[in-house]
Each structure stands twice: as C-alpha cells, then as structure tokens.
Amino acid sequence: MSASSTFALVRKDVHSELRTRYALNALIMFVVVAVATILFALRSDQPTSSVLAGLYWVVVFFTAMSGLSRTFVSEEERGTTMTLQLVATPSTVYFAKLIVNTALTFSLTIAVTVLYMTVFSDSFVIQTMSTFLVTVILGSLGFASASTIIAAIVAKANTRATLYPVLSFPILVVLLMTVMSATTKALDGEPFEGALGDFQILAGYILAMTGGSYLLFEYVWKE
Amino acid sequence: MSASSTFALVRKDVHSELRTRYALNALIMFVVVAVATILFALRSDQPTSSVLAGLYWVVVFFTAMSGLSRTFVSEEERGTTMTLQLVATPSTVYFAKLIVNTALTFSLTIAVTVLYMTVFSDSFVIQTMSTFLVTVILGSLGFASASTIIAAIVAKANTRATLYPVLSFPILVVLLMTVMSATTKALDGEPFEGALGDFQILAGYILAMTGGSYLLFEYVWKE
Amino acid sequence: MKAVKFGSVILITFVLISGLAIPISSNPQGWLEFPNIPGLEEKARNILYHVPIAWTTVVAFLVGTFYGFRYLKTKNIDDDIKSVSAAGLGFMFCLLATITGAIWAKFNWGSFWNWDPRETSIFVLLLIYGAYFALRSALETEEKRASLSAVYSIIAGITVPFFIFVMPRIMSGLHPGAKGDPDGSGPVVQLKMSPNMLVIFLLGLVGFTLFFIWLFNLRVRLARLEYQRSVQHP
Amino acid sequence: MTSVSLKLDGVSKEFNRRLIFRDVSISLQGGDTLAITGRNGSGKSTLVKILCGLLSPTRGTLMYALDGKDIEVDAIKDHIGLVSPYLQMYDEFTGLENLEVLSRIRADRNITGETIAEALKNVGLWDRRNDFVRTYSSGMKQRLKYAFAVLHRPGVLVLDEPTSNLDADGIAMVERCVREQRSHGMLIVATNDADEAIWCSQRVVLGDEKV
Amino acid sequence: MTSVSLKLDGVSKEFNRRLIFRDVSISLQGGDTLAITGRNGSGKSTLVKILCGLLSPTRGTLMYALDGKDIEVDAIKDHIGLVSPYLQMYDEFTGLENLEVLSRIRADRNITGETIAEALKNVGLWDRRNDFVRTYSSGMKQRLKYAFAVLHRPGVLVLDEPTSNLDADGIAMVERCVREQRSHGMLIVATNDADEAIWCSQRVVLGDEKV
C-alpha cells in the first residue's frame, strides 16, 4: 500500500460521486424522509433524550446502509473491479474505501445533526458538546470500519441491497448501543468524563474491526 | 398491453426473486433487523400509538425502498432493459412492475405487522381492524405506485440525478403522513368513519400516481 | 465416536432425570436434595439445561469460526463443510437456549423478553447465524461461498468478546453479574451451588458438549457424502 | 409466414447536438439483405437501435409495413430478432429459462418446449442449458443471443457485430442462421468486417462525418 | 527496461467442481510470444485471468520473475498490460480522465500528461478525449483499453479477444501494438481467430474437455 495511490483512489471515488451523485442523492432523500417521518410520528410527544438519541442513530444506520455499499457494489456492477485489482494492491483499496466511507458517514451525521437541531429544537439540545463530537467522530469511524468489509462481501453476492443491512446489523449492534448511550449522556449534560467508558469501548471496537478487516480483506477482494 | 405477457413478466420477476429463496431470506432478515433497531432505540420507553404507527411505516418505507428500487435498476445495470423493451410494450412493463411492487409491499406490511404484534404485544394493539386493513392495502398500493415510477427514473439516474430526491420527497411524505395518521387512528380505536378522510386522500393519491405514471412511463422507459 | 455417542446420551439422560427428580429443600440434607436458591426456588432446575445449552451454542460458534479460519488458510473444501455443519448446529442450540431462557425468564422475571444484555447477545447471535445462512444462499460459486462466509463469521466473531465482557457492564440487566447487581454475581458464577448440584451441572456441561461433538461428527459425515454424490452426479 | 417491409426516410441522429449521421434513407422488402458498415463510432449500432424502434431518430421517419399494411414501430418488435452487444440475457436464470421466460413475456404461443430445445441444440448450448448465464463464457453468451433472436423465426433479423466472441464453429452457426433467414425474411447486418458484409446484397456506409 | 519471465506449472482450474482445463504448464522468457486458442468456453479467458494474478488456480503454481528474481504475483501487476472484455473503464469519467486516474492509482511516476496524450493519439481517441466513456461506441471503448494497456510499456502484454469491436483501422492499430510489444517484451494473446494466433510463435490449445 502506498499513501499516494490510496489518496488517488480516494480522489477518484469522491470525484466520481460528485459526478453521478448516486450515493449522495440516496442519502439526502433517506435522511430527509426519515427525519420527517420521525418528526411526524413524535409530533404529539415530548420524546426523552434516550429515545431521541436512539432514533438519531437509527436514521444514521439505515441511511448509511443505503449508501455505503455503493463503494464496492458499483465497481462490481460496472465490471471495473478487475481494472482496480490490476492497478492497486488490496490494502490500498481497503484503506481508500475505508476513508471514503468514513467521510461519507461523518457528513451524514452532520446532516442528521443539523436537521435534528432545527426540527427538534427544544428537545434535541446538545449539552456536552465535547462528548457529542467525540461520539460522532468515533461513531462514524466505527460504522465505516465494520461496514467497509461487509460492503466488499456483499458486492460479490446476489441480493445486495437487502443483504447489506442484514449482514451489518448484528456486527453493528455493539457500536449502536455504545453510541446511543454516549449520545444520551451528551444530551443529558453529563460531564465528558462520564462517557469515557463508552469511548474506550468504541476505540477498542474500531481497532479490532479495522485490524480484522485489513487482514481478511484480501480473501474477499481477490477472486 | 396484454394480460398474459404482463403476467409472464410478473412471474419472471417473482421467480427471479424466489428461485433460490435468497431474496426472501434477506428480506425477512431485513425486517427483523429494522424492527430490532427500533426496539433498541425504544428499549426503556413505553411508546405511544402515534410513535408506534410512525415507526411501523418507517420500517415499511426503508425496507420497501431498498427492495423496490431494484426492479428497474437491476434491469438497467445488467443491460437487460433493451431485451425487455424488445419483448414487451411499455405498459406491460409498467403494470407488471406495479403488480410486483404492490405484492412485495403488501407482504412486507404483513410481516411487519406480525412482528410488531408479537414484539410490542401490549402497546401495538389494533383496535379498529377495518381501518387498519384498508390502510395497509391502500398504503401498499400507494407505496408501490409512487416507488415504481421513482424507480424507473432512478434507473436512468445518470441524466436526471439531481431531480431525484427533489421529486421523491414530496411524493413520499404526503403518503407517509396519511398512512401514519390512519394507523394511529386504528390503534387508538377511533371508529372507521374517523379515517375516511385519510382514505380519500390515499385513494386520490393512488389514482393520480398510477395515472400520471402510466402516461409518463413511456418517456422514462424508452431512450 | 461410539464412546462420545453413548457418553452424551447417558449423561444427558442422567442430568435430565436427576435435575427434575431431586427435590429442593430449604435445608438440604445429603446428596439427594438441592439447596433453595432465593429468588429461583424450583425454577433453579433450569440452570442444569439452559446454561449447558447456552454454553454449547458458544462452543459451536467458535468451532465454526475456527474451521472458517482454517478454510482461508488451506482452501480445503472439507474445512468449509465442517464450518457450515458447526454453524447449523450452533443455530439449533441457539434457538434452544433462547427458548429455555425465554421460558425461564417468563417465570422468573415476568416476561419472555427484557433486553437484558445476555438476551441481547443471544439475539444478536441468532441474527448472525441468520445473516450467515442468508449470505451463503446468495453466493453461487462454491469457493466464493466458502471464503466469504468464513470471513463473515470471523468478523462477527470479533464482536463476541464485546458482548461477553463489555455489554453487561454498560447495560443494566437481570442476569446475575450485570451492572448494578447487588450480589455481584450469582449461583453459577460464584459456584454457590451445593456440591451435588454442581456435579450435576458440570455433568450437564460435559454431556451437552459431547452431544454437540457427536452431532457435529454425524453432520460432517453426511455433508461429505452429499458433496461426493454431487461430484459424481453434478 | 408474414412479409415485412421497411422504409427509413431522411433519418438523422444527434447526441447532445453532435451529429452522428445525416439523411439516411433505406427501403427494404421481404427477402432483402442489408449490410451497415462504417468505422468505429460511425453510428452503426445507433442506426440498428433506431431500426428496431429502441431509439428515436432526431429527424426523419421510420415506417414498417406487415403484408403491405403500415404498423406501429412498437408492434413490429414481435417480428424482429436482434443480436447486439447492447442486448443482455438474464444472468440469474439458466440459458433454458431465459428463452422460456422471454417467449412467455412476448406472449408468443407458437413457441413450445421443442422449439426452444431445438434452438439450444442449434447453437450448441444444449448441454449447458441448466447453467446460469452468469457462468457462461463470452462466446456462450453470444450463442444464447442467437438462440433467442431466431426462436420466433422473425421477419427481420438484425445482427450487430455478428461474429464477435465466436470461434470457427460459432461462425459456421451464424452463417447457417444467415442462410436460413435469407430464405424467408429480411436480414440486416451491422459490421466492421468485410467478410460479413458480403452476406448482404445492399449496403449502407456510415461515417463521412468525423469520428 | 526490465525483463519478465513466467512459469506456469501444472495448473488446473475448476468452477464448482467442473473441470475447465487440466495440467497446463507454460514457461516464457523476455521476448516470447504465446497464443492461447481453443473453442468457446474452453477456458481462454480463465487462463488469462490466472496469468494476470486475478484468479487463483485450483491446482498448480504460477511464478513470475523480474530480471531473474522471483517476485510476488501482486507485484507483477505493475508490469502487465491487459486488454479483455472483462476489464472495464470508468463510465462516468472521460477517456482522458480514465487514463489519468488509473495511472495515479498505480502511482506510476513515469507517466506524464504527454505520455497519456500520445497514447490517446495512437488509438485515435484524441479528438474524443473529453467525452464520457459512457457515450463511446463499442470500438472506441476497446481502443481506450489499448491506450490504458500499453501506457506504461508493460513487460507483459496480455490480449483477450484483441480485435473484437474494431474496424480495419483499429486492427492495424492492434498490429502496431503487437509489433511494438514484441520488440521489447512478452506477448500473450487469447483468441478464437487463426489470423491473430499467427502473431505468436508458441501456442497453447485448450479445450480437450467438453464445452
């Protein structure tokens, strides 16, 4: 793996996404519809912070599921997988896709956050900003680290769109519970220290997933 | 359009979905995953009927969107669009896909209903069954009619990419809001008459969507 | 294998019978009475079935993952056969553990399901198995199916320690040993059981493990035969 | 058997205002054969799509007649057999299933199990009929397209790059198909290869415009 | 310039336990040329993928050496140029962008804007360099693959169905590429066409097994 080729591949993906807007459009639509639906569903209620935190990550999860798998699926569908195999080593591909997916998830969380803050302006108030920021950053990394390799697996299978969340969810449960718990703490105004335990879990999770995926990626990527 | 070729096309799609039962596996798992995610989010709370109704349709929405859009995208991606154009008229294609999507959404709502009733056995109690049934049937039809044309447009996304979220958002949100409101009424035990207004909206929506799509479909479908 | 087969049958039968037959008294006397564990009472008997089954589920999962790992190294299709056989059994035991656990929970904690951390983890394990088989059925080429499902089971395996060691600590739960449990840990963990109960419990563990080994052996042989038949008549 | 005739009148095609070809006029009767030739990018495939009613021309008209009666372009599709790199079979079905499913959608009652079996034997795929198209080699896919194209004995057989991916045996099969078609209907071949153009008596050469 | 040598030893390939070919052994040096022939479905493309390290053989070994030193199959990829129907360029980029992006990913510092411009002119796509590959005709796509394959003057040039979709001018271009490659490196051609097999001095014939 060389940094320059990884970076070139990231640039290619970003460029290609800006051209086709395939993932981006799907993401925007899902986010907006999901938030609108939830807003409508909660209309009459005063949701608790844990419900809000839960629904926040549910939206992120499902939206991510509709977009992240494109990274590999689109290569596979258009037959460019072989081209990429020829010009890049597996680890280059893995890290490039990991970076792209992290960036995508991170922008997603920002979009959802902005939407939530405008829509639930009285109940979704982030009291401990530091906790929230760290949660969102680690959460995006965690999401991307687990779902990148799953996307690579799913790209080789037949029923990609439905299979992707099915394979990802069991693996993401730990992550989801942890980020939900940390987000609740941020909303409730617990001090930053209160969420340190959650962050440790998140860090461990990210390391384990990235390391495992890195080692296994070759088996998935090569025929 | 001939009935027998429409029917043959429906059979082809169903066959293609069911043959190895992998699509079904994935879809069932998907619903389970969606419900589980929501359960996690709500773990500690006693959700109100409007929250439950909202989340019910959010699950249907996400599952449907990840499955329904495939109908055309998969033809387009594999280059079988031309083959289909050669053997079938546009209206045959449109109605076949509409039927398939309606059936898919309807079975989906049944699956989600059964799951909800077992999982939220105390809070998801359908008090006005007639309202619920009509809502689910009209809702499936509405979803299918909207998503069939959206899917056809998405399949050609290269050119119309930016239009897509803009188009689909208002189309889907109206539908979602209406079915949610009707479902809430069914859960709250309002008499059937109470939901008549919603049903009128739904019926009008379905007619407008199907009619409009039928007329527009040819332009979307042919180059 | 004969020894395993008979051993498991004898042990399980013994555990079943003695677990049900031995009376529980608040003041146990000798080997033929169980102590009364406060909060469990008669329901304590299920420890002897539920826990060994849950244990076997985990063993099966580990065995399946191990052979998946071996497949990636050796590319020998026999390892895939072993891996998928173990996964199939694991799924079955997982269902059994869920059912015995859920029934127990109904009588002990009042409802079938409470999202206690351990319940959550067994549910996730069920989902993992479901996803694993859904993935396998979506892959047509044998080699791809073997290696991708192996990768998936390893990736899923990475999360297992989180469920076992981490989750019970961040979530409050009903199982003994969870966060907020006043005792810290319960009868099994601290081996608070009376010696006779402990012996039967351990025999149960051994019995169910042997049972798994026997079934595993059977299934692998069956799967090999099927494989060979499909080689001859593809 | 029906006799198809075709009239293309002053047809031009532009993509994004780039002119591909201008003012093509063709008139073909029952047993006529036409070769469309021209350089890479001269618009052969584009013209083929227009002839099959899969793409509308920018200017000009296309008219088909069946036994002397003018008919809609949509209706002619049942009388066209097309082999083209842009036409794909369903990957997730077997070769046999593809033919069955597609004839059923076409609602063609003349096609029986035997017709299909015969077509598969003709193109040499009978032994592999139960394999998924996904696992076919490039030549096997091309053969399957032939089986599909001639299955309903179309009045017009349109071949775009007829021999690509085929081995000697496959080319012989194409020549058989071509002979058979000339005996009862119209044949249109778009090709780069002079060897294939000689199958046809008439010729349209595209590509005076720059590539 | 580096000299590549290759040794394939007793290689067999099965898909789902269907034997495609058995016990293929090849040994090639610097300037050698090899034609792989055989019927449709005999495994030519499969063997090509194995030679390029894109597919693992079921049995047997593949070894590459660079200037006499054995190297990993992964590392040889930088010295391979491949033209194949299974290799696609990125649709949503222009022809020029494809070459730029792919060389950047390959992290090949020898490739400048001029090298790329020259390659595009060689294959006759310079005028169309700023059009999306999506809008290219089949022959233009094939030409672009050639530009990509020879861009880095690879030690090994591998061509699968070299002339498919190409017109006379395109075939002349392929022959130029082939001549040029023979002058400095190894050439492997998989084809159905006897006219193309004569470019090479050695030959492997696949397909004693049934299609």
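Note that the chains are named A, B, C, D and E in the order they appear, and that numbering of residues resets to 1 at the start of each chain.
Definition applied: contacts are C-beta pairs under 8 Å (C-beta built on N, C-alpha and C of every residue); 3 or more make two chains touch, one makes a residue touch a chain.
Please read these numbers as outputs of a predicted model, since none were measured by experiment.
Steps from subunit A to subunit B, taking the shortest chain of touch contacts, total 1.
The chain with its Cα centre farthest from the Cα centre of subunit C is D. The centroid of the Cα atoms in subunit A and the matching centroid in subunit C are 32 Å apart. One finds 46 Å separating the Cα centroids of subunit A and subunit D. Measuring from the averaged C-alpha position of subunit C to that of subunit E gives a distance of 52 Å. Subunit C and subunit D have CA centres that are 60 Å apart. For subunit A, the set of residues touching two or more other chains reads 20, 157-159, 163, 166, 169, 173, 177, 223.
In subunit E, the residues that reach two or more other chains under the touch definition are 15-16, 56, 92. Residues of subunit C in contact with two or more other chains: 127, 130-131, 134, 138, 140-141. If you check the complex, the residues on subunit B that touch subunit A are 20, 22-23, 26-27, 29-30, 33-34, 36-38, 40-45, 48, 50-51, 53-55, 57-58, 61-63, 65-67, 69-70, 77, 157-158, 161-162, 164-165, 168-169, 172-173, 176-177, 180.
Of all residues in subunit E, those touching subunit C in their complex are 15-18, 56. Note for the complex: subunit A touches subunit C at residues 146, 149-150, 153, 156-159, 163, 166-167, 169-171, 173-174, 177-178, 181, 197-198, 201, 204-205, 208-209, 212-213, 216, 219-220, 223. Partner subunit B is touched in their complex by these residues of subunit D: 49, 52, 54-56, 74, 77, 80, 82, 84, 86-93, 101-102, 104-107.
Across the complex, subunit E meets subunit D through its residues 15-16, 38-41, 45, 85, 124, 127-128, 135-140, 142-143, 161, 164-170, 192, 194, 210-211.
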